[in-house]
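Each of the next two complexes has subunit A plus one other chain: subunit B in the first, subunit C in the second.
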Partner chain A sequence: MTVDQISVPDRTGPAARTGRATPAQRPGISMTARRQRAFYLFTSPWIIGFLLLTIVPMAYALWLSFTTYDGISPHWTYVGLGNYTELFSDPQTWNSLGRTGLFALTSVPLSIIAGLGLAVLVNRPIKGRGLFRTLLYLPAVVPPVGVGLTFKALFDQNSGAANGVITLFGFDALGWLSDPYARYVLLMSVLWAAGNVMIISLAGLQDVPRELHEAARIDGASAWRTFRSITVPLLSPVLLFQTVTGVIASVQTIMPLLLTPEGTTAGVTALPQSNYLYMMHVFSQYFALGRYGYASALLWVLFVLILIATGLIFKFTSGVVFYNVDPEAKK
Partner chain B sequence: MHPRAGASLSRRRFLALSAAGAATGAASLSGCAMQVSTGVSGGGETVTLMVKPDDLSPELVRQAQKDIGVKITTVRYDITKLIGMMTNGAPPDLVRGVGATDAPYFAARDVMEDLDPYFARSSILRTDDLDPVNDLWRYDGRTQGKGPRYGMAKDFSQDSMFWYNTALFDKAGVDYPPETEPVTYEEWLENAKRLTRRKSGQTTVFGGSYNGVSTPNLLASLTVAAGGRLFNDDFSRVDFTTPEARKALAWYIEYGRSRVGPSIVQPDPNTWDGPTFQANRMAMSNSGYWLGGLINTDKKLAPLARLAPAPVFEGGRRVSPCQAGTGLWMPKKARNKDAAWRVFEWFFGEGPAKARASSGWGIPTLKSLRPLMPAQGDYQKRVLKVQNAELEHFSVIAYTPYATADSLYALFNQEAPAAMNGRMSVDALAGRLNSLMNEQLKRGKEQVG
Partner chain C sequence: MTATSPLPDSAPRARIRVHRLVLYTVLVVITGLFIGPFGWLILSGLKTPAELAASPVHWLPTDFQWHNFADAFNLIDFLGYARNSLIIALIYATLVTLSSAWVGFGFARLDAPGKKTLFGILIGSMMLPQMITLLPTYLIFAKLGMVDTYWPWVLWGLAAAPYLVFLFRQFFAGLPRELEEAAIIDGCGYGTIFWRIFLPQSWPVLSASFVIAFTWSWGDYIAPQLLLSTDKSTLAVAVMSTYVTSAGTPVANLQAAASVMYVVPILLIFLIAQRGFVAGMSTTGLK
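Presenting the complex of A and B:
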């Protein structure tokens, strides 16, 4: 049955009774137009959601960023680019941005390496492979709030298990949730969710044709050489995806807030300096200081920076990402 | 059978039916939204309360329906959600608030309902029966403590007082603080240092906790105790460089630096003193009478715990303010004001108020409920005697309407750790706090107009 046969009008239906033409009979409505219409009909829930829940709030935040609005006070003013000017002269903005960049540069490669390593391990034909896969993935499904609570309990200076082990060996307890150790706890909390990277990498690994590995083995290539020259290039689109989404997630992380024992609105500024990342600055301006306008400006700057970072990642990886597509498909 | 039955639904008809359905739905929703009580009883109506789970248990919600016939729906307290609801013109009917700091802030922004007319016609909440602590909920456009009433406290404490654990004092060989005369803040800190126990870099017993209800209010109270004022006359500026404010600030920084108790540089994972004090891991807790609600229920702790007056600074004033006065207020745009007032009366003057008064969780805010305060056991009689004596020194310390407590606390938190960790002098900190807080207050004043 063809598509045309499906759209033959029902002669007993409303169109027949009114004598008007059905869509199939209307001149000028091509198959392409009908396909487009179907496309928009099917995607309209997402498009409407995207417009209402993303574009409209973003536009509203853009408008707020030109004002001194605080959500409740009666006299707010339009300040034009005033918030943006202040933002660029605010040392907290630059310091938190620098820390965020450093955090992204550290946490993204670490979590990709850890996740890929785990994926390679659980991709091997070992006994209980399914169990290991499940166990290694489980931490990734723990909600961030749960991770924050667990880590706070583990690393509390006076009652945490981490210091319990340290003092058992005769060392003094460490202030894990204060500087200079707080940044390591934050990194550990990121690695805790490496199961996410593992599961995607595992799917990628299972897509690597087995005959390529066999050919390499016959040619005498070592395991490392096979991994470097066959597995990694074929996984490169997956790794690119993880890099881009990892960078976006890392600059937007609110995990430092969940790790602070003083987890209140005002407590955000009491975070150890090393964990006072850009989103913490945004959070404190929005919710602690009630500066909706200024915080919206901070968010718009972050949005632009993410766009630039994503563009740069695509630009610099365009020559090293291998897309296994049929060259004939473009013709 | 209807001749059209079974026929396929045309798009036109579908749209027409959808439009009719939508219009009907919208009309009924609008009808619901516009349903405003006109009577005073509030019977059969629904009132939305934005509170914390501890404020109103599900049992109390059911009790309200039984007692006064009003259905209560609760929304978890969240300042951001509250602002969103108010912006949308659909605020809750009653909202939790901290009288000491929230009342001037919201009243100055004209979002609170003036409750004077409601009090005037109430036979349950008579103004001559209101404890003076309820003046925290008054604001005359310039000063807190005067003018119309915008809310009421559910209970209160004099939050500069402290509890101590006699067993831990005995263990450390430290004399008990007197129960009638205040110790000085310097003595309190000295005692806390002697009571603190550490092992392998871990604090096993906190000598004392002194953080107040919110740090900005604590600092304002400490400054008054030192004989000065933190805010200027129109509450648009702070000055930490006056001798009194500096003295108060220096004391609090020394408290944090010495690590004798929880602070922003040494947070207690329990987030409040109760569990730590109960576990015999805190020798002194800066909590007012309300902590008795917890202590009363612990047979082992109750005989060991004692309440002491608010400390004083040498050469300063003896003041013992309430730093919270947590209660409820009614938004100006509340939709169901009469029913909300009925809930208000019930919550503050009837069953729930009596239950709170007899539990020991704070001093009742109606003078007529004072006889219900627990005084059966020797321990309770002793605590009540100290508390009653302390009421002589009660005072209202007015707070600024130009900034939230959270905002000033956040700015304090931003700078104070450096001073508590010895990387910044108290004088430098005072200057930084003046600069940051006055900038925030200036913005607030401009927006209040």
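Presenting the complex of A and C:
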């Protein structure tokens, strides 16, 4: 549609029909003031929503974190920093935090490497690559409940395919969903969605200017060298994006819960130690023990840690990540 | 084998063929690993309880128990839960798409003091894990009596989602300026400009946003589990927690069949929306 086609019907639009003075003709209101008022009007749903559904709950959690509130008994008390001193001296906090850190440090790089590898493979000019792309991406759209049930079926001690395969090779069946193997099942459930990184990297790969590859080939660069020195730097904004979203996803994953036999929040008590991540620690305080005050303190500590972590990620990558400052150069 | 090719000039072609063979083998094996879990879930859904409990594993069911899929429908009120999921997803996806488009238009085409700060907060809020706000929000909703109603999804829908706002902002910012200038001269308000001029232009983003929001909601497990009682809850919750006998033992084969039926609609939506969707997803990740 061209601009003319759109503006023509509007000449006889609502303002003309009603015969009221149009806003532009109204005296006393400048165009700038109108634009400013409109800006606040348009952004207000998000501003109000952010205040009511993010700031208020966070402030409420902060207030609760200074109390012993449990949701039922009316006799809660203000304990100041009591919950915070307790959580810092609780080994469960540190252990679960360490596990979460380890989980993020393994799952995020591994899915990025896997996704990038897949992207390079299906970027080759081969027959049927569209089909390969679709099939490899498909697991990434499966909702968490589907992933949890699929992996429980795959890694069931009796009926799971995983034990079926390893017993074929003469090994003993493993209790995959309990300690110490549950962490690997969790990790594999993340890697199953590597198609996410693949799809996003693929778009990045196709944006890499051809001339760069040709120039590198003429200069006699090896395929690996080209990949390392041209492809990866050009993909670095995508990879940074994936790193940040990956870290956030691994902090808040409920997959450990879905992999328990119950699969519900009741499952927090049945979690294998190796999948007892920080968020699961929060859940068990929240749902198994009803300690809303203490759990809120845990949430606030996590919130501050995430602020620090994302800050550090951006700080350390600011010199490394390459942004194409001249987007027209792509064409 | 092809390395022993007698003709020197056919060597490169043979090497390419070997390369291609290796590439295909690798791809087929990897794709098999990625698709295999689906197959296993379907097979699990076609076995008898005895076969599922047997050790060592029964690779294939002796008789394919196709009736498991019908039984999974009848053991619980599958359609009722599916309807709940659908209602919540439609409410949320419709509202959040419209509100995000509305807010995105503000950030793309209008200006006022504080815009940069607000946009910074919007982007920053994407990095806040939703699980952190969900737990205290749940306590507040409980206090307001909104537990066991669909109001939380209405509110979340009206509040716009930062990721979708960003999507719309990028799209609207790319449209030519002349688009609204003529309308402003004609005296149209910004509401009219948005509704009559910008929204009709944005079908690709509107549908991408709707599909994304719909799949979020359909896949969401923790919010409905916290906020809704069992009979008002969604399919995600029902599939995970209600496939048990009266004695409380899980009915794993029917649960597997049910989870296939829970996942398939999302896969279908993705496959149908694929072209526009993948393109939309992949470009937004870059900017």
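The rule is simple: the second predicted complex is superposed on the first by the 279 of 331 C-alpha atoms of A that agree within 3 Å, B and C clash if a C-alpha of one lies under 4 Å from a C-alpha of the other, contacts with A are read in each partner's own complex, and residues count from 1 in each chain.
Operating definition for what follows: a residue touches a chain if its C-beta (ideal position, glycine included) is under 8 Å from a C-beta of that chain, and two chains touch if they have at least 3 such contacts.
Because the structure is a prediction, the values reported are computed rather than measured.
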Contacts of A:I113 with subunit B and subunit C, given as first, second, both or neither: neither
Contacts of A:I126 with subunit B and subunit C, given as first, second, both or neither: second
Which superposed partner A:N163 touches (first subunit B, second subunit C, both, neither): both
First, second, both or neither for A:T265, with subunit B first and subunit C second: both
First (subunit B), second (subunit C), both or neither touched by A:A223: neither
Which of subunit B and subunit C A:L312 touches, first, second, both or neither: neither
Touching partner for A:A153 - first (subunit B), second (subunit C), both, neither: both
Partner chain in contact with A:L81 - subunit B first, subunit C second, else both or neither: neither
Partner with the higher number of touched subunit A residues, subunit C or subunit B: C
Which superposed partner A:G71 touches (first subunit B, second subunit C, both, neither): both
Shared subunit A contacts, counted only where both subunit B and subunit C touch the same residue: 10, 13-14, 71, 153, 156-159, 163, 167, 173, 261-265
Residues on subunit B engaged by subunit A in the complex (per definition of touch): 7-8, 10, 79-80, 83-84, 86-87, 106, 109-111, 199-204, 214, 264-269, 271, 404-407, 409-411, 413-414, 417, 440, 443-444, 446-449
Contact set on subunit C toward subunit A in their complex: 20, 23-24, 26-27, 30-31, 34-38, 40-41, 44, 47, 51-59, 99, 102-103, 105-107, 110-113, 115, 118, 121-122, 125, 127-133, 135-137, 139-140, 142, 155-156, 158-160, 162, 165, 176, 178-179, 182-190, 192, 194, 196-197, 201, 215, 218-222, 225-226, 236-237, 239-241, 250, 252, 255-256, 259, 262-263, 266-267, 270-271, 274, 278-279, 281-283, 285-286
Footprint of subunit C on subunit A - complex, ascending: 1, 3, 6-7, 10-11, 13-16, 22-25, 31, 34-43, 45-50, 52-54, 56-58, 60-61, 64, 71, 118, 121-122, 124, 126, 132, 134-139, 141-146, 148-151, 153-154, 156-161, 163-164, 167, 173, 192, 195, 199-200, 202-204, 207, 237-238, 241-242, 244, 248, 251-252, 254, 258, 261-265, 279, 282, 286, 292, 295-296, 299, 302-303, 306, 310
Sites on subunit A touched by subunit B in the complex: 10, 13-14, 68, 70-77, 152-153, 156-159, 163, 167, 171-174, 177-178, 260-270, 284, 287-291
